[in-house]
Structure formats: C-alpha cells, structure tokens
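The next part holds the structures, each set out as structure tokens.
First chain A sits with chain B, and in the next complex the same chain sits with chain C.
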Partner chain A sequence: MAYTLTVGAVSRQLQPVQVSATKSLLLIELLGDTELTNAVADAMVALVPPGCDLIFTVATSAIPLAHALSERTGLPYLVARKRRRTYMDHPLIQEVESMTLGVGETLWLDGRHVERVRGKKAVLLTDVVVSGSTLAAMARLVERAGGVVVGRLAAFARTGATDLGDISAVATLPKS
Partner chain B sequence: MAYTLTVGAVSRQLQPVQVSATKSLLLIELLGDTELTNAVADAMVALVPPGCDLIFTVATSAIPLAHALSERTGLPYLVARKRRRTYMDHPLIQEVESMTLGVGETLWLDGRHVERVRGKKAVLLTDVVVSGSTLAAMARLVERAGGVVVGRLAAFARTGATDLGDISAVATLPKS
Partner chain C sequence: MKSYRVQIGSLWRDLPVVEVAPGTSVALFNMLGDTEATEQAAALLASKIPPTVQVLVTPEVKALPLAHAISRISGLPYIVIRKTQKPYMVHPVVREVISITTGKPQLLVLDGLDVPKIQSHRVAIVDDVVSSGGTLTSLSEIIGSVGGDVVAVLAVFTEGAERPEILSLGHLPLFH
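Right, the complex of A and B next:
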C-alpha cells in the first residue's frame, strides 16, 4: 500500500517495492530529490547535539542530506565509502555485521580523513535506519579514528525494524 | 607538486597522490567539502544550457554538486548508479568503455528513473573529466531512456588528458 510521507511543507507518495521474494519495503529516495532533502535537513538541524564538530556519514544515499545539513549547521561532513578507492592512503577498514543483509559489507575511511576525526565529536548520519548495523559500524570507525560519537541521526526509521535506542529520526515509516 | 585551485572565493591546496606504480594525480574531492561544492555550483549555473529539463549525473563523488546545482537552477537531478540496487525495477544497464580504467564499469539506471528522462533535455554532470568515457556512457543511457543530451558539464578537467570537445568545465587541473 502507498504511504504519504510529510516532512515540513513537502509530501511524497511512497510506493512499496519488492526487494526479495518475501519482502517489500516502502521506497524512499533522497538522491535526486532536492526538495525533500532540504526539508529533512531543515527538520534535522534541531536534532544535532550541541558541541558537535563533525557530521559522519556513509556513501551513497545520505550524501545530499549530509551536504544540506553541513550547510545549515556550518559543520564539516565526512563520507565513509563502501568500496576501496585507488587514491586512499592507509584506510581504516570496518566490517558491517549485518543480520539482514545476507552479504557482508565493508566500510572504508581514507587515512587522510582519519586525521580529521581524531579528537573530534562526531554525529553519525544515515538516511534510513533498518537494523542499525551500519550505524554500529560507523561508530566503530569513528572510535578507531580517535573520535567520539555524540549522536546518531537518521532521516527515516522503519518502525518495528529496530529498537531505535538513542537514534533521532525526522520521520518514521511503516514496515511496508 | 602541490597546486592551488581557486574557484570563486574558495581556494584549495591540492596534493598529488600515487594512484598506481607509474601514475600520480592531484587529489580533488567535492565529497565532504561543502564550501568548494557550493563555489563550483555557483560558477556552473551560467554553463547550464538554456531550455534544459534535467541534470543527469553518476554516483558517487558528483552527488553533492548535483544537489547544489539543482538548488540553484531549480532543475531536478537524476543519479545513475555503479552497482545494481535491490529495489531497481527493469533497470537500464550501460557498460563504460574505458581505456584508462583497466576494469570494466557498469552504470545502472532504475526503470522508475527511465520514465523521468523520456522526452527530456538533459545536461550531463560529472566532477572530474579524464578520458570522457564515463560521460559517453551517461550520454548513451540518456538516449536509450528516450532523452536528449543538450550539454556536458564538469567541475574540473585534467588538461592534456582528453580533448574536451563540447565539455564545459569550471576549472582545469594540471596533469599531476
């Protein structure tokens, strides 16, 4: 069933898509949706912990949101990658321990970026939280780089999919 | 040798990085650099062909620029992906014919996005042009989706690396 999502003055009709034989999810894309991205960023500013130095996110779909939140808060952002890039120098490598993904995923943080995390207070940013396993791997990366995680932000959380714990989300989505 | 890049009021010291045993390139990253991304987008607005309907880019590093250019022009943007995503429905698949890359690369455009290209005038957007092979594959994708390519934009072009042809770049970078 379609679902109407509203963030600030922006509404979107989300359609369920089949992602496996037994599973369908409401499709939400920030990538390519400038208006929704900016509405989420506007709503997210108040959720950024005070005293934070850095927004830490992961490729790919949360990147426009990281840019928009960086603009609004004046905080720099950093992007962990899901594939090694040729230019990376002594990257930190972190496995994502996922029960839902089936396949293993790995996060890569360029050594040059590790230096930008050291001694810094970081807020983690993701677009959609399902199991929280990617956020957990991002937290490990920040800690291994010598930073401190001071908050966890998500644009959207799927209800029932996870115990949100200390994750602040702009909106929740029904399960499917 | 380091190189100073200036775009509008923003300057960056670019460092050469070794990308293979015989090759070094000046490292330039828009990802994580909100200020440089916005300066490039400001300079790029004048390069967008009149009558254009759509900005068409490819994951990952040009995504923040696509968002920023979309904001400034009011044009929507679309992102082709380099990996298949589970939610894609009847994607268009396009091989990148690259002489420099060594390994083949593939672009994926979700079927839902194909519909947004049909009958539209698209400007292609990339961050760094080297051989032009990715732009050529992007052009094929747009045409196969029923759109028309009306321009090719790059934030940066490496001089000597390619005949720029009809590509408009905000700045050129020395070879290394």
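Right, the complex of A and C next:
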C-alpha cells in the first residue's frame, strides 16, 4: 500500500517495492530529491547534539543530506566509503554485520580522514535505519579512529524493524 | 608530500598529488566533506548553465553534494546515475566504462523510473572532475539511448587534456 510521508512542508507518496519473494519495503530515496533532502535537513538541525565537532556518514544515499546538514550547522562532514578507492592512504577497514541482507558489507575510511576524527565528537548520520548494523559499524570506525560518538541520526526509521535505542529519526516509516 | 594548489571562487585548496598508475600521478580533488568549496563551485557552475537546460544528471559518488547544491541554486532537478544495480530498480539501463582512477570496468546504471525525467529533456551533466572522458562518454550514451539531449557538461575541473567544450572552473594537469 502506498504511504504518504510528510516532512515539514514536503510530502511524498511512497510506493512499496518487492525486495524478495516474501518481503516488500516502502521505497524512499533522498538522492535526486533536493526539496525532501532540504526539508529533512531543516528538521534534523534540532536533533544534532550540542558540542559536536563533525558529521560522520556513509556512502551513498545520505551524502547530499550530509552536505545540507553541514551547510545548516557549520559542522564539517566525513564520508566512509563502501569500496576501497585507489587513492586511499592507510584506510581503516570495518566489516558491517548485516542482519537484513545476509551478506557482509565493508566500510573504508581514508587515512587522511582518520586524522580528522581523532579526538573529535562525532554525530553519525544515515538516511534509512533498518537494523542499525551500519550505524554500529560506523560507530566502531569513529572509535577506532580515536573519536567519540555523541549521537546517531537517521532521516527515516522503519518501525518494527529494530529497537531504535538512542537513534533520533526525523520520520518513521511503516514496515511495508 | 607533494601538493598542487587550486582556486575555487575565493577559496584556495592544496590537493595531494597521488600516484594512480606507475609513473602517473593526479592532483586528488575530493570535495566530499568540503561544504564551503562545494557551495562556491555550485554557485559559479549554476551561473554557467545554458538557459535551455531542464534537468541535471550526475554520476555517484563524489559529485553528489555538488549536484544537490547546483539543483538547489538553479531550481533544476537532478538525477543520479548509480554504479551498482539495485534490487528495487525497474528496467535499469546499464553501461560499462573503464575508470581511469581504478583501471577496472565500472558499471553505470540508470533506474528505469528516472527514464521519463530524461526522455525528450535537455540535459546538463554534472561531475567533479572530467579526465579521460570515459565516464562522460558512457553517461552521454545512456542519456542519448533514453532520448535525452546532452546540451552542456559542467565540471569543477577538467584534467589531462584541455576540454574547452566543458563548462569548468579550472584545469588539473596529469603528473608524469
């Protein structure tokens, strides 16, 4: 069933898509949606913990949101990648223990970025949180780089999929 | 470490010069996380967009914040060409390109849901750096194959060969 998502003054009709034989998910995409990205960023500013030094996100779909949040808060952002890039220098490598996909994923943080995390307070940023496993891997990366995680932000959380714990989300989505 | 100085609007950045193949180095330009440079580049590039352009098309990953910012400033929507096929895509259009930075074949994938937004539309391609032009050629092929008309290419920098037909803010040499 379609679902109407409203963030600030922006509404979107989300359609369910079949992702496996037994499972369908509401399709939500920030990439290419400048208006929705900006509405989410506007709503997210109040969720950023005070005293935080940087935004830490992961490729790909949350990147424009990270930029928009950075623009609004003045905080710099860093991006962990999902593939090794040739230019990376002594990258930190972190496995994601994924419960939803059943296949492992790996996060890569360029050594040049590791230095920018050391001693800093980071807020983690993702677009859709399902199991929280990506956020857990991101937290581990920040800690291994010598930083401290002071908050976890998601644009959207799929309800029922996880105990959100300390994750702050702008909006929740029904399971399907 | 060797570096190369570039200007973006009123900003100066020292880019690390890194070897990407034996005997060949590039000035590494990675705007991800550099909100200030992204915003300045976006403002300058937005002012160069031909007035007939209806939609922006960008490849993931590094140019995403730039595309978002140009979209916000110009009011033009942007569409992302992905590097992997996603399970939720409908009738995706796929091309393979050999990347100069990785030396490996790289997929470019347009979600079928985005085809109507390109078909019969005048398109400006947005990228951070246009180097050998391999990605650009494949992007143009994908856009052309679904009935879009590429009328402009916007890039922060061209690299290697001079490319006067590309609307850019500067040029990066290759280092041998």
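The rule is simple: the second predicted complex is superposed on the first by the 176 of 176 C-alpha atoms of A that agree within 3 Å, B and C clash if a C-alpha of one lies under 4 Å from a C-alpha of the other, contacts with A are read in each partner's own complex, and residues count from 1 in each chain.
Here, a contact is a pair of C-beta atoms (placed from the backbone, for glycine too) under 8 Å apart; a residue touches a chain by one contact, two chains touch by 3 or more.
Small disclaimer: the values here were computed from a predicted structure and weren't measured.
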Now for A:Ser70: first (chain B), second (chain C), both, or neither, which partner does it touch?
both
May I ask you to decide whether A:Val149 touches chain B, chain C, both, or neither, giving the answer as first, second, both or neither?
neither
Classify the contacts of A:Ala157 with the two partner chains as first (chain B alone), second (chain C alone), both, or neither.
neither
A:Gly32 in the overlay: touching chain B, chain C, both, or neither? Say first, second, both or neither.
both
Chain B versus chain C as contact partner of A:Leu78, first or second or both or neither
both
Which partner chains sit in contact with A:Val17 here, chain B, chain C, both or neither? Use first/second/both/neither.
both
Overlap the chain B and chain C contact sets on chain A and report the shared residues.
17, 19-20, 25, 27, 31-32, 34, 37-38, 59-60, 63-64, 66-68, 70-71, 76-79, 81, 86-87, 89, 113
Please name which positions on chain B make contact with chain A in the complex.
17, 19-20, 25, 27, 31-32, 34, 37-38, 59-60, 63-64, 66-68, 70-71, 76-79, 81, 86-87, 89, 113
Would you tell me which residues of chain C are touching chain A in their complex?
16, 18, 20, 28, 30, 32-33, 35, 38-39, 60-61, 64-65, 67-69, 71-72, 77-80, 82, 87-88, 101-103, 114
Help me check something: in the complex, which residues belonging to chain A touch chain C?
17, 19-20, 25, 27, 31-32, 34, 37-38, 59-60, 63-64, 66-68, 70-71, 76-79, 81, 85-87, 89, 112-113
